[in-house]
Structure formats: structure tokens, C-alpha cells
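In this document, chain identifiers A, B, C, D and E correspond to the written order of the chains, with residue numbering beginning at 1 in each.
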Amino acid sequence: MSDTPNLGFVRHEPIPPSPPPVQQAGAVKWVRENLFSNWINSILTILSIYFVAKIILASTPWMWNGVWTTSSLRECREVLQGTSGACWSVLTERWNQMLFGFQYPVEAYWRPTLAFVLLLVCIAPVLFQKLPRKMLIFSAIYPFLAFWLIWGGTLLTPVIVGLSLIAGYMAFVKTERLIGFATGLLSGVVAVALVLYLGSFVTAALSGFIALEPVASRDMGGFMLNLILGTVCVSLSIPLGIVLALGRQSNMPIIKGICVVFIEFIRGVPLITLLFVANVVLSYFFPPGTNLDLILRVIIMITLFSAAYIAEVIRGGLAALPRGQYEAADSLGLDYPQAMRLIILPQALKISIPGIVNVAVGLFKDTTLVSVISMFDLVGMIRGPISSSTAWTGIYWELYLFAILLFFVVCYGISQYSQWLERQLRTDHH
Amino acid sequence: GTLDDVKARGKLNCGVTTGVPGFAEPDANGVWQGFDVAVCRAVAAAVLGDNMAVEFVPTTGKTRFTALASGEIDLLARNTTWTMSRDVDLKFEFVGVNYYDGQGFMVPASLGVSSAAELDGATVCIKTGTTTELNLADFFRANGISYEPVPIETGSEAAQLFLAGSCDVYTTDRSALAAQRANFPSPDDYVVLPDVISKEPLGPLVRHGDNDWGDIARWTLNALITAEELGVTSDNIAEMAAGTNNPEINRLLGSEGTLGEMLGLDAEWAKRAIMSGGNYGEVFESNIGTATNIGLSRGLNAQWKDGGLIYSPPFR
Amino acid sequence: MSEAQMKVSDEIAISIKDMNKWYGTFHVLRDINLDVQRGERIVICGPSGSGKSTLIRCINALEEHQKGSITVDGTLLSSDVKNIDKVRSEVGMCFQHFNLFPHLTILENCTLAPIWVRKTPKKEAEETAMHFLEKVKIPEQADKYPGQLSGGQQQRVAIARSLCMKPRIMLFDEPTSALDPEMIKEVLDTMIELAEDGMTMLCVTHEMGFARQVANRVIFMDAGQIVEQNEPEEFFNNPQSDRTKLFLSQILGH
Amino acid sequence: MSEAQMKVSDEIAISIKDMNKWYGTFHVLRDINLDVQRGERIVICGPSGSGKSTLIRCINALEEHQKGSITVDGTLLSSDVKNIDKVRSEVGMCFQHFNLFPHLTILENCTLAPIWVRKTPKKEAEETAMHFLEKVKIPEQADKYPGQLSGGQQQRVAIARSLCMKPRIMLFDEPTSALDPEMIKEVLDTMIELAEDGMTMLCVTHEMGFARQVANRVIFMDAGQIVEQNEPEEFFNNPQSDRTKLFLSQILGH
Amino acid sequence: MLINDTRYRSTTFQVIALIGLIFAMGYLVSNLLSNLADAGLNISWRFFGETAGYDINQMPIEYNNQMSHGRASMVGAVNTLIVAFLACVSATVLGVIAGVLRLSNNWVVSKLMAIYVEAFRNVPVLIWILIIFLVMSNVLPQPREFRGDAAASAMWFDMIAFTNRGVYVPRMIMGDLSWLVVATFVLSIAGVFAFRRYARNLLFNTGRLIPTLLPSIGIFIIPTVLVYFILGSPIGLESPELKGFNFKGGLHLRLSLIALWFALAIYTGAFIAENVRAGIQAISHGQTEAAAALGMRPGRIMSLIILPQALRVIVPPLISQYLNITKNSSLAIAVGYMDITGTLGGITLNQTGRAIECILVLMLFYLVISLSISAIMNVYNNAMKLKER
């Protein structure tokens, strides 16, 4: 130990804080470290900057010189006189068709617009747990309101459907407490059917009562159709997905088998083939005389499609719950439906929300495939009526950029939300 | 039967093309117009008394037959060629011919091609799922020349590719070629070759088996044709309906006989059908005739008396 | 120890006869015979894997047994769901990891089963729940969520939750083994209080102090069998079998 | 303590002069001056965040310093990759979380670097590896994967892995703090054995028993500075600064 | 009641479910049969043997319009596999590069990659397919613009022509002894592997690390080139040549193929990039540090430590992306690429009107592919599972 230096050294006052050396801070350092840290990086940086600059130089004049006020491509070309420039006027001319399709009555555009604005209000409390829970009441009313706004007709129709659901729910709750889940379900269904049946007389008698001009499903089009298909199918597929997920988790081999076959089958085939089914064979499976229109058949198939994917997400959520939760529910004497409804699903669904949101984004993008079976969604409008119209044959960049923008805004927004939610779930307690 | 369904629904579901100018295309207000559309409107007028009570279902070459077979539409009026296999094997009922057509080729004038036989090695845009696809294969095989098919779903996309020069030739029914060419930015740069490589009798069709409904569609079309033959037009129909001294006109317009009842309709069915868009000639002229920018002449589609093929069985 | 002797009646609360259980081909429980009088407090101990948890879980039918019979409060545990439901509503259970429902408040945790299983009106259920929460000394936490509570508090909530079903028998499966030392005491205190009220209790635990103070009987299990049972004093001071001696030397030697 | 006194030579293994380091604008290490003789065994302690790990990591260039110099075995640590490689092959390091490579067997973990960095023939590398695995007393685990071992075993493998590179200096960053109490001992025993073989060691640890038994010198760091350094006996019994006293009272008071 | 007895409870439920399923199925099938009967149709597979009558532009296997619908479907199936394979390979390359670059410490590059990933992930793939298709058909020159002395466009190196009908590239013409060249080429690929193995063993045995990159390239190229010239250039390149309306000769990558291939690759590449990034980030930094502390260089750390571990994380989602590519390739129909959806599900369906049969076979085809891919994935997952206690 003899020659260890500085033994017993004690520093009495701390050294005052000192700034780091110059080359260690500021913009210079940032540039050196982030752009030119070695020669490969430098080359990459220069290449990328060159590349970006080229794109910007090429596209800005085109965008900037854009023409906004002509009524056909020919006029637009004349105005531009050979200089590079976009014919944005196709957007000002046809924005309404791209958003609402070409058959939706112009004077009723406010209705779907309002419906989609309210949609934001409706899903806000579901997506953000911090908002007041009272807003959920509006979320519950919303589907009926939106139906009325978009499809029109008398307000009585959605009101009666709503009432029938309430009646069904009451009947279910009452009977379930007295007798049991299965009976409750049955009486609920009976109550719904009864109210609907009685209600149909009322609507028939009072079809003009607070009525909006009715619009047929096949008149829906444009981006509105994408949004309708997206929201309707995802909402419908969640209950179905839950049932499938529970079935797949079940230890009864036959039920499990049915669910597995269904899920794997749907996930194994492309959506297009399912749309073909909706388009050309589904009608054969309905009793003779039923005539569901195309949009309904498409909704059925897309719902089945997304239900299979959502079931897999929810299955993950169910698997993530500790066994103890199931056992605690059992030992308290809760039966299977109660345990699922009160204990398991609320937790599993919460874990699954980010996954469900991802499926929803994917599905929303996939709604463009309906253009392949000649429905006029946003892409269908662009490919069909707009580009084949005499005035605008030959234009594509402007139209598709608009479509890209719309989809990007919606999908990017949603996926940012789901990432936020994932971070939230990772940190939050209870 | 379909008649009852249509009456109960109050609307006729009619399948049309997704957009061929002059034949079926929604105008700026979204109202469907065209030669095929007129047939639908006439049937709706005859059956429902309202020529606007039609729900137009746009179909592609691919979806049209399943739409009809599955009952999604009651009547398909979509420049569809009457072929034996469609009639017999696919179980449809063609109710007549409203346009006698043939398959033709359109090429850019600058190509300097004057006959289809010079098309060896050309790239050909073609609508899939049509008779023309098969005709084309047969034609090139028969002539021992090669080609490169570019299959396209809808007419508008085919036109886009053709205009961009992605294919040298665009082939389909000559009527459709003319219609689409009329819509091109500079129609004169493109020519339709003189060759006609097939017979394409285009007509409306219904499902096989429901003969009552088929009769209504068939005789509505015939009523339009007969009206032209007898000189009944939308202008003079009102006075003629009051009664004329031509008994066939009287039977047609219901002032004499019970032809309407036999169809399960009222006596004025044909009058309404004709009033909806005029007689066959009027429909032709206002939608695709020489006065329109499509500019098709009657040709084969002139009345038999004028040397054409348009010929209706008698109303008796 | 002396206070613990009170209120043991002759009525039989649980009666297990020649009970056997297999997991697949693995014979977990062998010829278990056990009668528990109403008001009795039994502590079960034994090495890990000896089948203690399994035994407890068989009693409220979380696991089914394959041979022999279990009768709880006169109800024979058979494959009839009605009987199983009856037994479960008579028997409360506390788990090692509490298993509170994290998405419900403490109060909702406690009222859930009374409302849905016992069909008690909500108001009444909440009153009962507050009563038992007071008993376990955390009424002020009623509106919090389980995640906001310490382990000891959570376990006490779990006990209160079971009590809200007004069970006549309570089962505990190592209720303190997931807890930090400071918290163990608060949970044991709650259990002792419960014992003093005369609750019939079966408790798997290695807390020997608790066993001494509260139990009427200590059962030692090994390899799926009940090896030895005795009053606590006798059991600890004068174990009969070698296996028990070895085991006691290990856990008391700590 | 006495055995620990052996084999300290005059040669200087590590010499740190006026070393400063910043993370962004945060001044983590301030004017560090430290000379380590060959064979010396130094324990570094201090409150969390005081920069102990950072200091250790600067020595084998896992972090770069911005001012001052570090010389290891005569090699000046500059931005020259050659020098960094040289230093790293002289200096072994053990991390708090072992950082074994989970996709390789224990033996492969130990032979990877000798083969690819030192270009030792595989056979020879394996022999060396087995030798060191025997030294840390787990030769029988050679063909298992890290995931199949307990924490203590994993840490011993990590030590063996470093030793296989035949380093002249070993750095340890809280090698035992992620371990259960039983396992701490087996790792410390290995380290003590290493110390007895005369390895130069720098060890961040709060195991004061270890420090007393093995260290030649204990260094106390606070706020990025070396506040005090002394022989262990002196350091523990007679700390000079108030900061040290406070710190020692906390960790020894346990 | 059976339902109250645990022994029979689940059986009872299952029997009820089964009966329900049978009834539902029966109901659907009876509807189907009665609807078909009403329409006078039937289910029949005869059409598969009948003459197709239509032409297909891209024929990887022999086909002409006198062959059967079954044959046409097979051409379509092979075309599906071709585009799926091309897209899988390019999406992987693109995704790996973008994923790695996104983690790069070069700010510009990583931001660019982030933009790429977000832009392409959040817009429907159908739009990308259509855009690439339209842009290429409108921007690229027509074949006839290559004609004449003062042609508006020229071929690259006189060999490659970019036209708005696709890209024409040279094709290899196999001469008499060409099999020898091919054999040499195959052998030299084997040689590269053998050499790398040898180098590895050399390192393991003697500790000598010989350079492998240049020798590998050498072994890869030199023997083939030598044999090629020794045999007197038996393999010729057939360059495309403008003849009549189109380029003749060479290999024609049709516009529809390119649009579909590129769009699928770029779109899926964005997803793969995210998987790659997540996979690399999933490997804790401690692994890198431990390896660095052992004296390993960054390149070695990547290849010996990070990649082997990251691959386990990356491969399963990668394979499900391959599945997505295969399924999305059915969008071929939007640009007229003659895959199986275009032949069997398109023209054959239209011409024969056998909708139910065609769609059923179409679904089965995709199902078989999907199930095989997932089977491969399961095998992989099981093989690669990290050993745990």
C-alpha cells in the first residue's frame, strides 16, 4: 500500500460548472455529428440533399404555377401555354364528386359533412379516456343520428331502431338477472323484434315526420363512401371479432375449430376475392326474393374480413390477461358470460385498442378496393367518371395527389394516435 | 314474378355500362342519359308510369351478368351482344336488338394504317370479359398475325391508355369506338378502320324463365320501333292517342284492343313508353345520331323499309 | 393461542373423503381425508409442490377432483353446476397475487359479485362493502383503483371482497407470500381479526407465528398426502414424522 | 484484507489526467485524476448518478471523453481506432446485466472474441474457455444457452468470457446488483479468486465486505468528481469529507 | 339438465353449436341450390376443360387461345407467383435498407427514410399501383418515338428501352455449349460458399483470417467468364429491336407487371422497414457494448451479434408481409396484369359465367399459398426459439 498516491485526498468545494469545449457544442458539432461523421455519411448526406433538392426544384414551379379556375383540361393547357403547371382546377371543379360521389344530392352535402364532424365528437371519448364520461351518451346516440343524416328519411326510423335496442337491452338485463344469460339474450332479441315490428307501422304511417330527403345507398360515393365503409365495417366487426376471439380461446374443440377455420380462411384469401363474392355470388345464398343492394353486400363481406383480423388482435389481448383474473372471477361465483362481460373483456379490449386501430387503418385503406367492383368510392370516381369525362381525360397527378392527401391525413392521424395510446398504456396505472 | 317485384318496389333496376358517351353516361347533374338508358326509361314508363323511376346500376363487362342473374337488376341494357351461349348456357333472354353493330378497330391516324390486316405485332387495348376479346383472338389467329393484348376493365381506362399511346389499337364495338372517339380531345387524330370483324347485335336482356317480364321488355322495345315505322313521334303522339284511322296505331297506343292487358299492364303502356324519349328514331338521333357529336348514321339500324335491319313484329 | 380455541362447533363445514386428483398422469393428491368443523381454523403447510394449493382449489371447485367426495356445508361437490355455484357462494377465497380487478375501483371490486351473483341491490351492496372495507381498515381507499394501492392494502381489499359475499368459509392460499415484510403484518392482523370473529378458515401459509396464534389445527402435506396433523403447539414442539421434522427445521431455522 | 496486499507493482496500468466528459451540456466527469498501478484493486463507490459507470466506461472507450487524457498500459486513448482496439483487447469488462449473447452457447460466448478478434484457433480458444469456465466453476454448463442459466451463473460466464481475452485489467460495473442474495456470493467469490491471482481490477460496487477484503484503495465519487480516496480501512473507519460520511452512514446503516 | 352438469356441459354446447352450424350451412346451401335451380343454372366444373379462346400477353408457360380454361388459370397462377416473388425480393431489399438507414445517425438520411415509411404506409396500395401505372404510361415515350435517325428517344446502351408499354431488356440466347457455361456458373456459386467455409475453418483452425470479399467476387465471376470465352461465346444477348409497332426480341417487362411489382415492393418495403427497425432496436444496447468491450469492430458486431438476434425478431413479421404481398398481388386486376385473379377470376369467369366455381377455386389457390407460407413460418419459429430455462 506504500506508494499509492493522493491517499486521503479530500475535495472540499465542488468545481464550478463549466461549459463543454466549443467544438463540443452548437450547430457545428451537430452538423459534424449528424451529417458528416464519416465519409460514407458525408456521401449519403450529399446524395440525399441533391435528391431532395431535385424533387423540390422540379415540383414547386409545377405546383405554384397551378391553374385553379378553368373548366377543362384543354382550357387549362391553353392558360399554361406549355409552361409547367398543375391543373388544380380539376379539384375546384370536381371536389364535390370526389368527396360525395356524383349522385348524392348537392343541396344535402351538409348532411354527411355534419355526420363526419360529429363522428369526431363521438369517438373522442372512446379514444381519450380523460374526456368526461358523459360524452359516451352522445356516442351511443351517434350511429342513429348519423344514419338519419346520411341516408335521410324520417327521423322516426332511427329513433325506433334505437328504442328497440333500448327495449331489448332492458329485457335482456331484467331476464338475465332473473333467469340467466341465454334466456336474457333470447328475450332481448324478442323485444327488439317486437318493437321493430310495431315501429314499422308507425314509420309507415308517419313517413314524413321530421324527414330529410332520402338518399339510396347506391348514390353514396367518393371519399364519403370510403369513410362510411371504414367506420361501419369496423364498428360492426368488433362484436363479431370478440365472439370469434372468445370462440378461438375456448377449450371446446368443435367451437374452437369452427372459429379457427373461419378466421384462417378469411385471413388466407385476398379482400378482392371476398369483394367478388359480395359482387357476384353472395346473392345466391340469400333466400329467393331478397335483394340486398351492392353496398350492403360489400359491407357484409368487409365486416367478415375485418372481424377475422380483429379477432386475432383481441385474442392477443385475452392471452395477455393473467390467469388469476379468470380464477378470481370463478371463485366469486360469476358465471362465464358475467366473468367475460364484467372482468375479462373490459381489460382485454383496453389492451387491444392499439391493435384494433391498426386493423382499422389497414381496412380503411382497403376500402379503395371496392373501385375494382365498379363502386364509385374516391378511387372509383377518379378512375371512372372523372377521368373519362370529356373535360378531364388525361389528367391524373392532380387527382391522385388529392386522394393521397386525403388518405394520408386520415391514416397518419390515426396511426399517430395509436402510437400515442401504446405509450400511454405502457405507463399508465390501473 | 319480376313485374310484381318492380311494381312493389316502385323502381326499375336497370343495369347499364359505367360510362360510354351516348349509350349510357351520367350528365353533369348525375342524370343518366343515352341510347341504352332510353330503353330502361321506356320500360319504366310502361310499367310504372314514370320514366324517372329507374335505378341505374353501373356494371362492368364482368359484373353485368352476375348482377342480372342474381336479381340485383331487372333488365340489362348495356350494349351486350346476343350470343348463343349467353342465351342458352348463361340462361338469359335477349328481348331484341336495339343496335346492330360489329367489332372494329381504332388507331391513331398518324400510324398510317388503313386495314386491320396491317396490324401484325400491334399492341391492342381490349375490354376484358366481352365477346370482342374472343373475336379478336379468332381474327388474329385466322389471319395468322400476332398481337399483344392489353386487357382493361372499363372503357374509360382503355381510352386513357390508348390516348397515351400505350396501345396502338383500341378495339371494341364500332358504336362504342365512335362514341369514345367523339369524346377525345382531338377526335380527328384517330380513325376507325373500315374492317368489321364480327357481328355484334346489341340488345337488352332479362333473366331466363320469367317470360312475362321478358315479354314486357321485348314489346316495349318493339313499341318504340313500331312507333317510328308508323310515324308516331313524341310530338304527335298526344293527338294520335285520341284515335286515328290506322288500326295498328290504335292498337299500339291502346285506343283499340287489349294488347296492354295481355301484358298485365294498362292500355296506355306503349304511349307512355314512346313519350318517355320518343320513338326509336328519335332516341337514336338525339343520343347518337348524326346531329350529336358522336355522329353515327343509321346504316344497318335504319328501318327495314329504308333498307336497314330494324324490324318489329306486328302489334296485333 | 387460548383465544383461538373459541367457537368451534360440532357441525361439520367441510368434509373430504378419500379424495384423489390427477393432473394428466401426475397424481397430485392422494387419499385426502379431512373434516373441518364450523369455526375451525386450519393452517396447511408443506414443501413446495406438495399439493397445498391444489387441495384448497379443489374445495371451491377451481379444480375438479377425480375420486372421492368433497362436501361443503352439506353440498356435495359433483359435476352439477348448481352445486358448484352454491359452494362457491359459501366459500370465499384469497389468492397469493390478490387478483383484484384492475379496471374497477376498490368499491366496485367489492360490490361486483354481490350485485351480479347474489342480486343484492347496489345500494345495499355498497353499504356492506364499506362495512368490510372498514373492517380491513381501508375505507378511505374505496374510490381508488387497485394499481394505486400497496400490496398489503390490495390483499386486504381482496379479503374484503371475499367477505362481501358473506361466505361461511374462507380459503387463503399463501396470502402473504408476495408481500414485503412490513405489509405482511397488516394482512395477518386482518386475518387474525377474522379468526376472532369465528370464521371457518383454511389457510396455506408458512407464517408459523400466525399458525401458533390462530390455528386450531396445523396440517402438514407432502407429496400429495396429509402426512401429519395436530394442534399447533404439539405440531411445532413435537412433530411425529421425520419429514415434518426436517421441514420444520428448515423453515424455523431461518 | 491482508492477502489483498500482494502483487502491487510500481508499473502504472491506467493513468487518467484531468479528464472531463460532457453529455451534451451536462458535465458528468470533472477533472478526474487517477493512477492505477499494475495489480492494484480499486473499488469505486458513490451515490447513484455520480458518474461511476461513466468513468469505467471511458477507460475502455465505450464513451469518449472530451478533455484530458487516459492512458491504458501505455496506450493513449485517442480517436484512433487502432489505439481503441488495442486498449479494448487489454481491458475486460463485466456489466451489471451480464450482456451474454443469448443466441450462442456458453462455450461460443467465450470463444467468439478470441477467435474473431485475437485469431486464436478454435481448438485452442475452446481449451482456454473451458479453463476459465472451470475457474468460475461451471464447466458443465458449456453447451447450454445463457437463457438456461441462473443470474449468478450468467454473471460468472460473463467474467469467464472477459478472461478468455486474457486481459491485463478487468473493469466491473456493479456486477452483483442485479442478482439475488444467494447468487451474489458465488460471483463475489469468483472475483476474490481473480483478485488473488493478481489481476488489476477496477470495480464499481457497493458490496463493502468485498471492498474491505479485496481492495487496495476505495474511491468515492460524487457529482462527477473524485471526492475522496483511501485505503479501505481508513476509508470506512475514518472518512474525511462530510459527503463520504453521510454516504457511508447510509449504506452501512442497512 | 345436461347444461348444468360439468361433464356434459361442454359437449352439450358443442353439439348445439354444431347443429346450429349445420343448420346455417344447410340454409345457405339450400338457398343456393334453389336460387340456382330458379335461374336454371348448376354447378359444373366442365368448363375447366373447355377451350378458353382468349389470349394472355405474359405467358411464362406455353399457352395459346386454343388451350383450356384450366391451362389459362395455370398461366395466371404462375404469373401471380412471378410478381409475388419479384415483389417479395425487392420489398425485402428496400425494407432492410430503409430500416437500417432510418436508424442511421445521419439526420438527413434517417428523416428521409421516416418520410418514405410514413408516406407509403398511410396511403392505399391501390393508389400507388395506379399512379405508377399512369405515370409510366403517360411520361415514358412510345415505341415509335425510337424510330428514325433523329429519334425523340434512344435506347440505353442500345440494349434497354424504356417505353410506355414497359421495359424491353436483352434476353440470353442459349447456344450449343451454353449448358457448360451455366454449369460453371452454378459451380462457382457453390465455390463461393465452399471458399467462405474454408476461410472460416482456416480461422477456426489456425487463427488466420484471410480476406473473403474480393476472392468471393473473383470466384463468382472469373471461371464463368473464362469458360464463356473459351467456348467461343455460346450465350448471346438478344437485344430488343424496334420492328413494326413494337420492340421485338429481348425480354418485355410489361407496364402492368412493373407497376404492380414496384408498387407492392415500395408499399410493403415501408412496412418491412418498420419491422427491421423494430427488430434491431429490440436487441438491447448492452449486446453492442459487450461485444465492443470484447474488442469487436462494428461490422463484426453487426454480423455476429446483432443480426443473428434481430433476425429472429424480424423474420416472422417479414413472412407475414410476404403473405400480404401475395394477397395484394390480386390487385393486378386494376392494371390488367394477367395473374390468376385476371384469368380465372376475370376473363374465364366472364366468358363462362361460372362465378361460384371460379371464385371458389380462386380462393382455394390463395388459401393454399397462405397456409403453406404460415406453415413455413411456424417451422422457422420453432427452430429459432431461444432456449430458456
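FYI, a contact is a pair of C-beta atoms (placed from the backbone, for glycine too) under 8 Å apart; a residue touches a chain by one contact, two chains touch by 3 or more.
Remember, predicted model here, so these are calculated numbers, not experimental data.
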Turning angle required so that chain C lies on chain D, C-alpha fit (0 to 180°, nearest 5): 165
Chain at maximum distance from chain E, centres defined as averaged CA atoms: C
Pair of chains whose C-beta contact count is the highest in the structure: A-E
Farthest chain relative to chain A (centres taken as mean CA coordinates): D
Chain occupying the most central position, where position means C-alpha average: A
Rounded Å distance, chain A centre to chain B centre (Cα mean): 41
Centre distance in Å when chain B and chain E are each reduced to the mean of their C-alpha atoms: 43
Gap in Å, rounded to a whole number, between the CA centres of chain E and chain D: 50
Rounded Å distance, chain C centre to chain E centre (Cα mean): 60
In chain E, residues with contacts to at least two other chains: 35, 38, 134, 138, 333-334, 349, 355
Contacts with two or more other chains, residues of chain B listed in rising order: 66, 70, 153, 160, 164
Chain E contact footprint on chain B (complex, rising order): 61-62, 65-66, 69-70, 86, 89-91, 111, 119-123, 128-130, 133-134, 136-138, 140-141, 147-153, 160-161, 164-168, 207-209
Residues of chain E that touch chain C when the two form their complex: 3-7, 9
Complex interface listing, chain B residues touching chain A: 5, 18-19, 21, 26, 30, 55, 57-60, 63, 66-67, 70-72, 153-157, 159-160, 163-164, 183-185
Residues of chain E touching chain A in the complex: 10, 13-14, 17-18, 21, 28, 31-32, 34-36, 38, 101, 104-109, 112, 118-119, 121-127, 130-131, 134-135, 138, 327-328, 330-331, 333-334, 341, 345, 349, 355-356, 359, 362-363, 366-367, 370-371
Touch list for chain C against partner chain A, complex: 60, 62, 85, 88-89, 91-93, 95, 97, 99-103, 112-113, 116-117, 119, 145-148, 161-162, 165
